[in-house]
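Each chain gets a letter, A, B, C, D and E, in the order it is written, and its residues are counted from 1.
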Amino acid sequence: MHPEKTISSDFEPKVIAFVCTWCTYAGADLAGTSRMQYPSNVRVLKFPCTGRIDPVFILKAFQQGADGVLVSGCHPGDCHYIAGNFHARRRFAAFRKLLEFVGVDLQRLQFSWVSAAEGGKWVEVVTELTEKVRAMGPMMEFKELALEEQWSGAMISPELQDAYRQI
Amino acid sequence: MINTIDISHYGTVAESIRIEAARILGEGLVTAVVAYTAGRRAGSVQPAIITSAAEAERLTFTAASVNNLAVYLTKAKKDIPRSGRIGIVVKGCDLKALVGLMGESQLQREQLYLIGIPCAGVLASTVRPAEPLTAGNLAPKCRECDAQLPEGCDYVPEIDLPLPTPLESTYAAEIARLEGLTPAERWAYWKEQFAKCIKCYACRQVCPFCFCEQCLCDRNKPQMVDTTPRPAGNTAWHIVRAMHLAGRCAGCAECERVCPMDIPLNLLNRKMAKELKELFDYEAGFAVNEKGPLTMFMEKDDQSFIK
Amino acid sequence: MTSDKALTYAYFPGCSLHASAGEYDLSTRELFKALEIGLTEVPDWFCCGATPAHNVDELLSLSLCAKNLELAEAVEGDLAVACASCFSRLKFTQHTLGENATKRQQVEKAIDAPVKLEGNVKHLLEILARDLGLERLAASVQKPLSGLKVACYYGCLLTRPTDVPNLDCVEAPTIMEQVIESVGAETVAWTHRLECCGANFTLSRPGVVIQLTNAILDAAKAAGADCIMVGCPLCHGNLDIRQKEIEGVFGANYNLPVFYLTQLVGLAVGLDSARLGLEAMIVNPLPLLKSKGFL
Amino acid sequence: MDGPVKKKKMVISQETMDVDFVRKVEMLSDTSVRRCFQCGKCSAGCPMATFMEHPPNRVVRLLQLGQWQRILAGRSIWYCASCETCSTRCPNKVHLASIMDALRKLSWDAEGASKESYVQLANKLFLQNIRSYGRQYEMRLAAVFNVKSGQFLKDLMLGPKLFAKGKLKMFHSKNKNMAEIEKIFGRIEEMRKNGEAL
Amino acid sequence: MSRIGVFICHCGENISRTVDVERVAAHAAALPGVAYATEYKYMCSDPGQTLLKKAIREQRLTHVVVAACSPRMHERTFRKAVEAAGLNPYLCEMANIREHCSWVHEDREQATVKACDIVGMMVERTKKNRVLPTITVPVTKRSLVIGGGIAGIQAALDIADSGHEVVLVEREPSIGGHMAQLSETFPTLDCSQCIMTPKMVDVANHPKITLYTYSEIELVEGYIGNFQVTVRKRARSVDERTCTGCGVCMTKCPQKKIPNKFDQYIGMRTAIYVPFPQAVPNTPVIDRENCTRFKTGKCGVCQKVCGPGAVDFEQQDTLIVEAVGAIVVATGFDLYSISEKPKGSPIKGYGEFGHGKIPDVIDGMTFERLASASGPTGGKIVRPSDGREPKQIVFIQCIGSRAREKGISYCSKVCCMYTAKHTMLYHHKVHDGQAYVFFMDARTPGKSYDEFWRRSIEEEEAVYIRGMVSRLYQKGDKIVVMGSDIAVGVQVEIEADMVVLATAVQPQQGADLLAQKLGISYDKYNFYSEAHAKLRPVECATAGIFLAGACQGPKDIPETVSQASAAAAKVMTLFSKERLEREPIVARVREVGCVGCFACKKVCAYGAVEEKEIRDRQGNLLRVVASVNPGVCAGCGTCQATCPSKCVELDGYTDEQIVAMIEAL
């Protein structure tokens, strides 16, 4: 079993942001040139377009220990690639429902539209998610899974236990 | 359960299949027919591909005809254009899969000769194939069937289908129960379910929509999903699978039936179908759509979840 | 819908047809009998609320109509409505409650029953022109109304507004003309087919009403009409009952009989005048009808 | 209200623009007041415009400015014939006839706001008749209206003629469901009292 | 094994003030695969770039990570430097430790940790970077202009004058478009034909312009620089090469009473005709629907009288394939019709105005033909019904426009001005007449425009009435106009002799079908969409296709001409190079794994994904797979996210690169 993790008050959450290069990345740049301040927890991954962001990346990010994930792109109608964000919107509308159903707390997964002019919004979104996730504590679900062996005790059928013992 | 389901017409259906299969093979209309043949035990069946009219007498249809035969066309689809038109026996649920496959350019309608089954339901399990069909042993998918009489087939035996007794959907009830739990409780539920997975990939093998030449989950450059049968990889595999089937799966529930570890796989698929219906008013399997719900968009799509 | 299947309807006469427009009620029943169209009066119907109700209390208006729609469910067939005002209110109710969920909930609470919007509400014109069909209507004619020049008067409520009654084009309807031409009459093209007669004010502001109605009578006369045909007891009230008064006030001489559509069609299919309630009309139609040889 | 409101200067501020009232109108009429861009087509086609001190387009304009007192103080809304011409021809799908309905309803709620009395009286009697009898009895309606409005001799000439023609009946078949109508009225009153409906 | 060089920039103190650059360099140096790590005060400066190039050569670096500002700032700079040092530029990545780190975090420790992470991520990513060859596509230096109105003519002349060939395609028998129909033009009142016809002749005579009239676009294939366009040249029944344009055929044609579309159907023409005397080309066309010869087989007079023997009843439509590198779309507009709504159209008609059936209620273009000196009445303004001069004339603006209930909510932009012009023309011609204008707002922005409008009121005595008209009806020989004056608050009734409706400007019929052939987008009204409303107003989102004139939205003549010249300039820019170079961030299909479900094709907004047939040596079809045209692909990567088996990959953003970054965290 995994070691008992204590949620200490100095918990620094890991937040991963998947952003499109034309709007949100540029918006984050603007926050920088405007010298706005926000928590340093976020790590930004740049994509050409939100349409490029595969749901598997979000899953992968959680598996890699992210406590919060942000997906952000151009506002509807502003997509540099005509409609990439529209496709992404549908894809993630469905995917978040799936994650919710398997028990991921959707508080940890944030979607936003941040344009190249919205440096302030970028700061707001990142700060809010970081603080929300900080308050929630570490995302243990996937971390625990990674530490678990097969037949981790959840199987209590006697036949299987027998079989397992015999191996 | 005493609630017996009337399947007295299956005998006539079987006979009609035999006659029709013999006819279309005999007339050279098709080169092969994918159908069910009688198994060794009474009532049991096994899928078969016959290529001559003489073989048609082996064909049958019983409450144990659970298999979705559509899967035999995707796995063998490369040969279809060369071998000519193929006949296939389809229940309404199987037809939905075929319809989906046509929408994804995997099959063409004119390559197929569809023999539709007026279906009153099949067994949940084929362990006791001769057992009378009741509300108790009926396959869960049949409880909510909306395609008892497949539409648009080339041939459907003319039978007055007995009116079905409405049964409550067990999937809907289970989905509702899970939705009522907290995320942590749901996680615990699925953790237990996915922990059972032995990564035998029977679900993938039996699924008509898992027609990729190389599955994303088998790739190692990069390794998107851990392939070992450990909880982390199992969970990722089932999430990715459910996502890939979203908007495509029409609910034949074969994955769930073949799962040796009894993981309620169709529950995930039904949940996604429900969400796509609510989000985009889309239901899979009713029409050959140019685009599925996740390969199209509307400007007015819901974005209430986006900041 | 011009199949040979027997037509049968639930019938909503409305208050006026049980009072001042008795001849409309009578001629409707007689005409439908003659055309072998079944008509069963909705039992214990209520007033639809007409203009006064929606004027000051839409919720009441919707509730009354929803109640009537519920009552009509008990009778087989689509709901046949004679009065343009009742027709308009019932159609409005279906439209509004279909679009606005809040209002629908409020109405369901008021009538303490689920709202039933599925049934078809049809004005008599629709039944004659579409369900029965102009061909079958023409085939039933015994006495074609040849040479009778009719000014078809729609008024406000039969067609307006867009997307609610859906009886015909809102600005250029032809359904009345189609019906009356199919029984042999001529129609005149005139300018005031859709202008308002001021019906709502007949009690409270008759001075207004006579001005509006005068313009309509004037236009019909100028277009060379022999008579006016209506499908609404309120229009009829103003055009017929007040005609003499208007002639007095404006110094005009119209002498235009104002028929309900069922009276003229009834005449054409051979019903005698007693069964059409012609004697109840204030502007005497008999000289005109005799001069044309219909009586 | 002191003095004739319509001659006063409009002092416009967030306080004097009654947004809540406009929202109520929009809710009741299911139509947007802001959509109107004052083309005047409603007024051009209104059969009653010549009788109104505020033509229909101006009624909407005053609503846009939240100046409902000016509307209700006048008689315009009571001179609307509900002919739906404005709604039918409006290029912006502003359902003006429904706005008029809403205004009359709210005028009734703000009792005595309008000077117009005959139309209001007729409407009141009409509704009372429905509540008491379930159906409309024209004879009684006309008679009571004339008595209450003090116009004892109005349309005096018409009465006997109509009576002779069978157009005014003294007695009517009564509706057997009378209790039901009272219940509907009652429930609506109840809902309004509880704030469940406007 | 990669030998990565990491270069950390201080950016003066912009980075080093909050980020401990030495620590970041030490962290980077310890990362597996990193052969060299250093920091420098200004990496982007000349010495900084020299340092970078030198290190690449001396350290035999295979990949480069520059940790500095945003890649949006200096990615090009460093990629160029890397290329100069002999590496493929796409092996260089930037780690943004300024905008995303030093500028937004004050805490030195936190900022340094984050900078180390960012550098680590970029190092892992860069390891997976591949050599990407620059993509170039050849450019065919010929262009196609669709539409021969003023927009198309201007664009064609500008491009042709720059020395490039132009193919100009026009649907009607003559070029000239709507501008040729106009009488005078606002705000100068110069004669439209006087300024238009010389340009038409220039087109006809230009050695670089190939003109196809009476022709339509059948099919468009290819992509920027390399389009193949099939033009359907409809059978004219007159051979253009032999016809001298003498016009004898027209004078002899017995069918003389065919309403002429060019004259808005108020003037008549023959069955063999040119739409107007100054037509270009001046070659007649036989209207086969109305020609006696084609209807009954008899007649044939035109053929008999034709000296050169140009009339050819047997002529067929021909299909011509033209190779072009750029396309200018200039299909213009049509006027809204107030008659009953066409089947399937979202636009409603005007029943309250008699559905267009009152003869003396006409639209603005018909008024232009009446007022035109070369029009059917020789410039006399008369009523179509009885030929009398109207003494009371009513103009109504915003018919169809700004009427969402009728299906159009936009402003047609030109009506205010042309109505003002109409009142002037009317006043000039009918001195004792009176013009009235019903209007909602007068929109007159533009040089000398408002002055023009005011002149129509103040000097030409037009009476403007603010308020709309509810209904029009015929009463005797007058038209009753029921309007209102909202300023006074009263109803207005005018008994007019003639009513002119300023009906809305709409795209040409079939504009959507043409857009589908071209693969360009259009709005709900069928106006073509520009790539960017402000910064790319003449380009389509589809590369190589440009817009000019009213097909993109209502426009007046000066605006149309400006946009046409702008589109021409864009075409010339494109033609200034032999080959087009583009960033190699494009999708590629791994054909081996592709199962041909074409999900990628379904989501591609550019039509870059094609179906490719794989056949064996005998030519038997084995399977159909997806294939991306790199000339068309814009590089958004939506296809890859959609592909279930990830058999399409976006170069520069591969799954390997992204997963490497996620795993580095």
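Simple rule for what comes next: contacts are C-beta pairs under 8 Å (C-beta built on N, C-alpha and C of every residue); 3 or more make two chains touch, one makes a residue touch a chain.
Treat the numbers as computed from the prediction; the structure is a model and nothing was measured.
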item: Common touching chains of chain D and chain B; value: E
item: Minimal step count in the chain contact network, chain B to chain E; value: 1
item: Maximum centroid distance from chain D, chain identifier (CA atoms); value: B
item: Which two chains share the largest set of C-beta contact pairs; value: C-D
item: Chain with minimal offset from the mean of all protein Cα atoms; value: E
item: Longest centre-to-centre distance from chain C, chain (CA-based); value: A
item: Centre-of-Cα separation between chain C and chain A, whole angstrom; value: 66
item: Rounded Å distance, chain A centre to chain D centre (Cα mean); value: 58
item: CA centroid of chain D to CA centroid of chain E, Å; value: 52
item: Set of chain D residues in contact with two or more other chains; value: 85
item: Junction residues of chain C, two or more chains touched; value: 162, 170-171
item: Residue list for chain E, restricted to those that touch at least two other chains; value: 352, 405, 603, 642, 655, 659
item: Pairs of chains, among all present, that meet the touch criterion; value: A-B, A-E, B-E, C-D, C-E, D-E
item: Interface residues, chain C side, partner chain E - complex; value: 162, 169-172, 191
item: List of chain B residues in touch with chain A within their complex; value: 178-179, 183-192, 195-196, 216, 224-225, 229-232, 235-236, 238-240, 242-243, 246-247, 268, 271-272, 275-276, 279-280, 293-297, 299, 301-303, 305-307
item: For the chain D and chain C complex, residues of the former touching the latter; value: 27-28, 30, 47-48, 51, 79, 81-85, 87-88, 95, 97-98, 100-102, 104-105, 108, 118-123, 126-127, 129-130, 134-139, 141-142, 145, 149, 154-155, 157-158, 161-162, 165-169, 172-173, 175-177, 180-181, 183-185, 187-188, 191, 196-198
item: Residues of chain E touching chain D in the complex; value: 352, 398, 402-406, 440, 466-471, 482-486, 489-492
item: Interfacial residue positions of chain B with respect to chain E in the complex; value: 78, 81-82, 104-106, 211-216, 219, 221-224, 244, 290-292, 294-296
